[in-house]
Amino acid sequence: MVNPILIIAITLASAFFIGILQVYSKLWAKVFFFLVLIFDFVAAGANFYGFLSGKITSPILVKIGGFPPPIGINLFVGKAEAAMGFLIFTITLLGAYHLARRGIPEPQGKAMVLFLLLSLGAAGITFTGDFFNLFVFIEITSIAAYGLVASAKTEKSLEAAFKYMVIGSISSTFILLGVVFLYKATGSLNMLDIAKKVKTFPLTPVFSLISLVFFAGLLIELEVFPINGWALDVYQGADPVVVAVLTGAAVKAFYLIFIKAGGYLALPSFFQLSLIFGGGTYLVSQFLAWRQRDVRRLLGYSSVAQLGLLILSAGFFLNNSLPSSSRHFIALAIVLFVFNHSFAKSSLFLLVDNVETREMEGWKGILKRNPLFKFIFSTSVFSITGVPPFPGFWAKLLLIFAIPKEYAWVVGLILLGAVAEIVYYFRFYRIASDGEGEKVKKNLASPLAASLILITGGGVAWSMFSGYMGIMFNSLIIVFLMVAAAIYIFGFSKPLQWTASLVLLGYGIYRFLPSMKANLHGFFLALVFFGGAILLFATYPTSKRLSWSFYPAYLVVIFSLVGIALSTSWLNLFVYWELMSWSSFLLVNMGKKAKRAAWIYAIFSSAGAYSMLAGIYLLPKLSISKIGVTGVLIPVLLITGFLVKMATSPLHIWARDAYGESPDEFTPLLSGIMSKIGVFGSALVFLYVIANISSGPALRYGLAWLGVLTAFFMTLLAVFQEDLKKLLAYSSVGQVGYILLGLAIATPLGWNAALYHTVDHFIFKGLLFVAAAGIIYRVGTSYLPHMGGLIRRMPLTFLAVLIAIISLAGIPPMAGFAGKWLLYSALIEKQWVFITVVAFLASTLAFLYCFKILHTVFLGQLQDENKNAREVPFPIAAAETILLVATVAIGAFPRLLLDPINKVLNKIPGMKNSGLFYEKTLGAVSKLGHWNALFLMVFTVGSFIFALIFFALTSARVREVKQLDVGYAGEVPRQVEDLHFGYDLYAHFRRTVKWLIYPLVSKIWKGIYEWTGTFAEVLRRFYTGNINTYAAYVILISILILHFFAGGK
Amino acid sequence: MFFFASSIALILIGLYAVLVKRNIMKMVIGLSIMDTGVNILIISLGFIRGKTAPIINAKDLLVRTSSKVVDPVPQALVLTAIVIGVAVTAAALSIVMLMYSKKKSLEIEEYKELKW
Amino acid sequence: MGVKIFYAFIALIGGIAYGLLLGGISRKITARMQNRRGPTVFQNFIDVWKLFRKKTAISHGVMFYLAPIFRLLGGAGTFLLVPIVVGNFYLSNFSFGGDLIVIMYFMVMGCLGMALGAAESGHPHAPIGVTRGLAQMAGQELPFIISVVVLMIVDKTTSVEGIVMAQQGGILHWHIFTYPFAAIAAFISLLGMMTSYPFEIVMAPQEIAIGPPTEFSSTFLSYMFSGRSVFAVAKYVLFMDLFLGGATNLLWAFLKTFLIFLWPLFITDVFPRFKLEQSVSFFWTWPTLIGLIDLLRIYIVR
Amino acid sequence: MGKDKFLNEKPEKLTYSGVFKKIDNWARARSLWVVAYGTGCGAIELRPTFTSRFDAERFGMRMVGTPRQADVIVVSGYLTVKTLKRVIRVYEQMQSPKYVVALGACPINGGMYYDSYNAINRLDLYLPVDIWVTGCMPRPEAILAGFKRLQELIDDGKADGWKKYIEALDWYRGNQRKIIKNWRMPNYNW
Amino acid sequence: MRKWIAITFLLILGFFMLRIAGAFPFGENTWKVARQYVKNVTEEKWWVAEHYVDKGIKENRGSNLVTSIVVNYRGFDTLGEVTVLFLAATALAFLLSSCTCFRKYERIEASLILKTASDTLYPLLILFGAYIFIHGHLTPGGGFQGGTVIASAVMLMLLAHFSFHPNHEVLSVTEGLAGIVFAAIGLAGLIWGRSFLANNILPLGHWNRLFSAGVIPLIYIAIGFKVGSELSGLITDMFKVTKEE
């Protein structure tokens, strides 16, 4: 234990000493400066460690002057104070180191004194146990901050400093008045003493007013919504290093005193106060940042919003009516939030210091050339936005689950704000990662340290979280996830990475083989593992151009999927879900032109995930089993998250570009398996939630319409798509719509269809995307009109794609037909007439794009630039062959797939009797019809061979002609462009259905985005930049606080 | 009560300057007035009618002192508050001087570069 | 099974012959309607034989080579999957292979196979024709689907036999009378399926030569011709089974299919050609609306 | 440049023989599919020939849109270098057995354009003509008569201009090359 | 318009302030005021000031109770206060260090009266200031007041004479040393006494004597030096700036 007074006294004395020392030697002043900071850091750390390890059991009470508490001033250092002190000095040390490397502003001695005293003031605020002493330290902090904010001595920084100074003075006046009134009312200045006395008070309105005067001052310092113009200006105008320390350390100290004072003064309306101001600040600031183009101000808005969330949490923490367990969770959440925000935001501001430009446009492509910068930036952004496994994620989770159900709207508000946060942060991320930017200054040690601390903290938080929430994370999966991430170090050699990934996956299959039981979980687990292995195998040939982190992210996706499939609790599922979403975001973002797509993907998947989280929050219990809920809200919220991954309309607009622009090696996984895990989740929702609610049938009917309309419209859009992968993307989304339809039917036959189609769609769409990767690798483009005639160059791929397309179109005898047959049988059995019609029509429309793929890629004229294309590389060809064989085999023997599915469904109550049985001549027989797959296969292939032989024997002498030799009215075509019809194949049809393919949904989403942005833009004018106005806001809000929160008569 | 009212009036006058005046120097002056108002308020809160200053320089004050002197704590506090006010004013003035040196203007309208 | 295959083979030959004959009859009738003599009703046999016996042929590649086989397979397969006389061992062909859903999807195979072959020829007219055909298919399928769904739901079966069985018991039990609107929709859709005027936009001889088969010659063309003929017969038989109560013996089958055959023929000979936009719009409005009447009926009654 | 079956084929391999010979010829004669190359004014005469008024379809004849499926090419009118090139290509894209019908005076001796700098006076120097139908222009009746004659020839197995073209290809090519100065063979061979 | 809005706001704010202040009747004992709020106050030492007033002399032997509070009971505040002042001086020096951008500033020559008077008053004022802070524990006033008086002397000289340049280095060393002395006395209390800033490391002496009250006069003297030098430095800084072109 180190006496906290030592920290303060020695720092103070050192400040004075540096004042002397700098007159004689600047170097020694600097050395001394760092020695003091290190001493502070170590001392605060020792105290914190003491509390953490249990060596210090009771709070440290330092009686200054030796007087007992009410008489003299005393320092009060409990666990929270010790932690905060450590945080403050860590951040200060990081900031100081950064500043020293960059160059301390002249005159250095004075700057160092200011810096030292800033941290001292923050520490004093944290440690002190006396209200007036608090005021003194607030002033120390403020004046040091004024000086430092102005330290750049530019017009902007001076303006910011002046605004800060004026509003800060008003704020401290309020605080001082509050303190003096408190003294007058209680006869004491000691916090604990006042707290003790307040308990005996009849809480009269006047006393509330006194508290409110104090809190009004604090709220100004805490940058709550309408009165934070000054703070934003400071974030924008001041030296980023100073801002880093301010937001990371000083503001957090203010926050701590806010909580402490809230506890001591027992203001009756404290909860409402913090709810309104915290929640309002959080939500409004997140939205105000949408259109912000100045990076520093953007981060400022973000800081303010985070602070709002903290204030909100404080309200819940101090609400005595909540159960103590949830208050305990909230306390943990607050700790994590503070930790997360301090380090992440400091790290971001220190990064900002490395970049010259203020405009966001100037950040264009900055990540590309600066790998370390990219690492730190990503870590910080991910952590702030709450991406697992960073602390921000766990904090959000803890907070949400600690909020009692009657405040569910607060959870909604938090999640809404979180989505808005992701919108603008990832717009920033997108701009920063788009294209090739300039190199930046390399002053990255401090932010690097901060981000490493964040990562460590994330790990600690994960273990803490699982401990507290009582969720068992499968340790095996976590080990696999960690090993997967560790494959990063093999990045110098992609083949090595590939091999390692395959080995790891193989070992994973071996270890998880016992888990692949005949139930829903085991079914999807097997799909993930075997499918993932095949698709991973096919990534090899193109791996050279991949980034280092491709394979780690790929494997993290796969093992997160494993985690999802094995989850027994919704929360567990959610954690893996987020992990999967964000690692796949990284993968999508690796595509060259995928930045915008990845951004939209991030927005949608996080919005979906948060919707799911809201649903999970509302569930009465977390385990994945039958849950009795009422109302339609919970299932809708839950399933929305899964529908986003399935890209069900109207949540599909991310899918086209995310599929189309993501790296070719990853798209098969995205379409083949990741969309299926959405199916898994939806199946769980159908099974355990929707099945038990009274409005279940209506909801299922609605979802069925959603599924079938997705199938219809996506198919229609695929028809007019000119990019191979985007076409396949729409096709994929449409097919998943069928699966949703099958699930929504919710008869045994419907589920048979859905599960069958799930696997089958993986097989043929995986095949198609793998083939597309190969083709694009050989041809160098995914633009369909630039291909054509490739059948001569890649016959095997053509065969594979042909079979896959036949399967996709649902033409017997390939595997795809069985899914169609089961689905229609189920639909007709269910007697959903209109849906049946639309489903049929959609599948007819699919022929249009099926032909388009085959024609524009493989048939027609071979383009000159593709003359030298070769067959796809071996691993892709091998993967194609495996999937091809699977398609044909399942086509002939659908029971290969249907029997396991039946086994799975037999385990599920209510899904037992599908009425499907097998007969020798009629094949599969349902209640309605029959279909003999083996016969059809034998018949088709047999007749085909027979007809072929007959044809070959009887036909005229066939000669091969050159491709250009066509009956062309006697004309000599000399270039393929004259003959190849590959662009806009369905122009005529488009003219017909123009009204159907009007991009209504994307226009609506875009409209929402634009209008929110515009609204934010307009609302932002509220911050006029005029200090008079700011002051007027402060007075107005103070009046409102005094009027509405005083309570009593 | 007069003291309270007048000191609060001083605070409000200071705030008025901050809210309305377009000259940053005047705003600083306003802040200073506000400080003064607060100080007077503190002192007047500590006053007790019919009692003397808390300086015990006579023997008779030594017995039951508390019934004879006014509350010394506000006086001690105000001492600190005054110094802090001076410090803030000094800092403010230095910032204003720098601002003036950059733009040669004290008009608040000139300093609206940071907004939105 | 061997017997079954043998009889199926016989039926196939018969189907092809019947199809070719119907083609000839249609040419004759058309000619008579245009006040000319016209070719003999066996002209199509002569044409097929001539094409079959031509001496040389060209090929543009594997898919091109396989296209006529696909075409024939599609036509013949569909023909064999549809029971001509339900309950008759010899004349129900391979209808155990699948129900109506199977048939509907099997019908596409020939078209798709041929489309691929045509596309490989590298002639621009081929894909133009194919895309038109596919787009028109999207148009004509909607009314057809509606009527098929009506039948499947009211009969509570998806098998063709089941639907035929449901129509037994007199002429008034035929679906054409019990569900007249669905039947009208389906029969209008049949016009599109036959790709004859006014929906002749795939071949469109005046516009894109003859569309997809532009590059096919000789034996290739003869196979495709046969496939097309038998495919047409398959459709007639299917419509007979769906709407006209099937057939109890071969004679009835000939009669009913001939009646169905006459319907598109009369329309064909008196109408000019639609553009694709008009064609699809037509199918998606009038026949669809007509079909929806019955769909709504069963939706409400059920 | 792979092996060209067409040019290397022995003509006797393409002749008809065996039991089907009679039927083949009979069928071939009654199913003449015509690709009409409207080089000159004769094109206008073919329309009435094939439509209601004269109804060539009763003889099993019909127009087709593509040379691949045609049996007969009708060269209807005068030829120039420009059109000759195209006629040759169309002819070579047709599948054997195939026949050439020359319509009017122009393909025989140049007709009224006999002294034009650009007209080709004799078609049979360049392509093996099976039937000449004289007249300027021949009426549909004449054309039908010509086709009737062609049918008879086919029935008898005598219409073998296509065989001659294969046998004397070098001679025909020589003639063609003489008249077509910029002999730009396409980058594929026929 | 703006004015009226501002006035409205401020009047409402003033109303609330008055409402709070009005709850404490002017000139009443805080003890009694507290009684209004709390019905069952049985605790003797409700009012902290009572302790200061009653026990102050016994514990500190300083006759100026305010000084006792400022320097001893709430000495930590004072340490902070000194820091604030130091901070302000530092911030000012920091910000104005490179400020050379003032326009040409013409100083008016001081009048003879001012020059002569200030020459006379300068040592007297310094002496007076020293007197004030040395007797801080006995009479009204103390380190701050004394320091201010000294600074005013410096200011007077600066106004009167162009050529008057206090040695800046000496000033900063003085202020630093004085601060360190304050902190060191505090730390000495921690090491040898009860606690930080404890007043039991030196003999307390007798009431109302110059050498009494333990470390209080020492601290006040340090504060006096510190405030004096700081304010002087502050003023000098401002003058220096204005003197440069």
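First chain written, first letter: the chains are A, B, C, D and E, and each begins at residue 1.
Basically, a residue touches a chain if its C-beta (ideal position, glycine included) is under 8 Å from a C-beta of that chain, and two chains touch if they have at least 3 such contacts.
Bear in mind the structure is a predicted one, so any value in this text is a computation, not a measurement.
Visitor: Could you tell me which chains are in contact with chain A and with chain D alike?
Guide: A chain counts here if it touches both chain A and chain D, which gives C.
Visitor: So which chains count as neighbours of both chain D and chain E?
Guide: Joint contacts, listed by label: A.
Visitor: How short can a chain-to-chain path be from chain A to chain C, counted in steps between touching chains?
Guide: When the steps are counted carefully, the minimum from chain A to chain C is 1.
Visitor: Could you quickly compare A-B and C-D and let me know which has more C-beta contacts?
Guide: A-B
Visitor: Which chain wins if you rank chains by how close their C-alpha centre is to the centre of all protein C-alpha atoms?
Guide: That would be A.
Visitor: What's the farthest chain from chain E if centres are computed as the mean of the Cα atoms?
Guide: Of all chains, D has its centre farthest from that of chain E.
Visitor: Roughly how far is chain C from chain D, centre to centre by C-alpha average, rounded to an integer in Å?
Guide: Distance between chain centres, rounded to whole Å: 36 Å.
Visitor: Measure off the straight-line distance from the CA centroid of chain B to the CA centroid of chain D, and report it in whole Å.
Guide: That gives a centre separation of 115 Å.
Visitor: Please tell me the distance, in whole Å, between the geometric centres of chain A and chain E computed from their C-alpha atoms.
Guide: 54
Visitor: Rounded to a whole Å, what is the gap between the Cα centroids of chain B and chain E?
Guide: 14
Visitor: Which residue numbers or ranges of chain E touch two or more of the other chains?
Guide: Residues 2, 6, 9-10, 13, 17, 21, 24, 30, 48-49, 52, 74, 77, 80-81, 84, 87-88, 91, 95 of chain E each touch two or more of the other chains.
Visitor: In chain A, which residues are in touch with two or more of the other chains?
Guide: Correct list: 132, 136, 139, 143, 146-147, 150, 153, 177, 181, 184, 189, 956-957, 959-961, 964-965, 967, 1028, 1032, 1035.
Visitor: Which positions in chain C touch two or more other chains at once?
Guide: Residues 53-58, 209, 214-215, 218 of chain C each touch two or more of the other chains.
Visitor: Could you list each pair of chains that touch, in label order?
Guide: Every pair of chains meeting the touch criterion: A-B, A-C, A-D, A-E, B-E, C-D.
Visitor: Spell out the part of chain C that touches chain D in their complex, as residue ranges.
Guide: Touch list, chain C to chain D: 27, 31, 34-40, 43, 46-47, 49-51, 53-58, 205, 209-210, 213-218, 221.
Visitor: Which of the residues in chain D come into contact with chain A in the complex?
Guide: 2, 4-6, 9, 13-14, 37, 66-68, 85-87, 89-90, 93, 95, 184, 186-190
Visitor: Which positions of chain A touch chain D when the two form their complex?
Guide: Listed in rising order, the residues of chain A that touch chain D are 956-957, 959-962, 964-965, 967, 969-974.
Visitor: Can you name the residues of chain B that touch chain E in the complex?
Guide: 1-5, 8-9, 11-12, 15-16, 19-20, 41, 44-45, 47-50, 53-57, 62, 64-66, 69, 71-73, 75-77, 79-80, 82-84, 86-88, 90-91, 93-95, 97-98, 101-102
Visitor: Going by the contact rule set out above, which residues of chain E touch chain B in the complex?
Guide: The contact residues of chain E facing chain B are 2-3, 6-7, 9-11, 13-14, 17-18, 21-22, 24-30, 48-50, 52-54, 56-57, 63-66, 69-70, 74, 77-78, 80-81, 84-85, 87-89, 91-92, 95-96, 99, 101-102, 138-140, 144, 207-208, 234, 238, 241.
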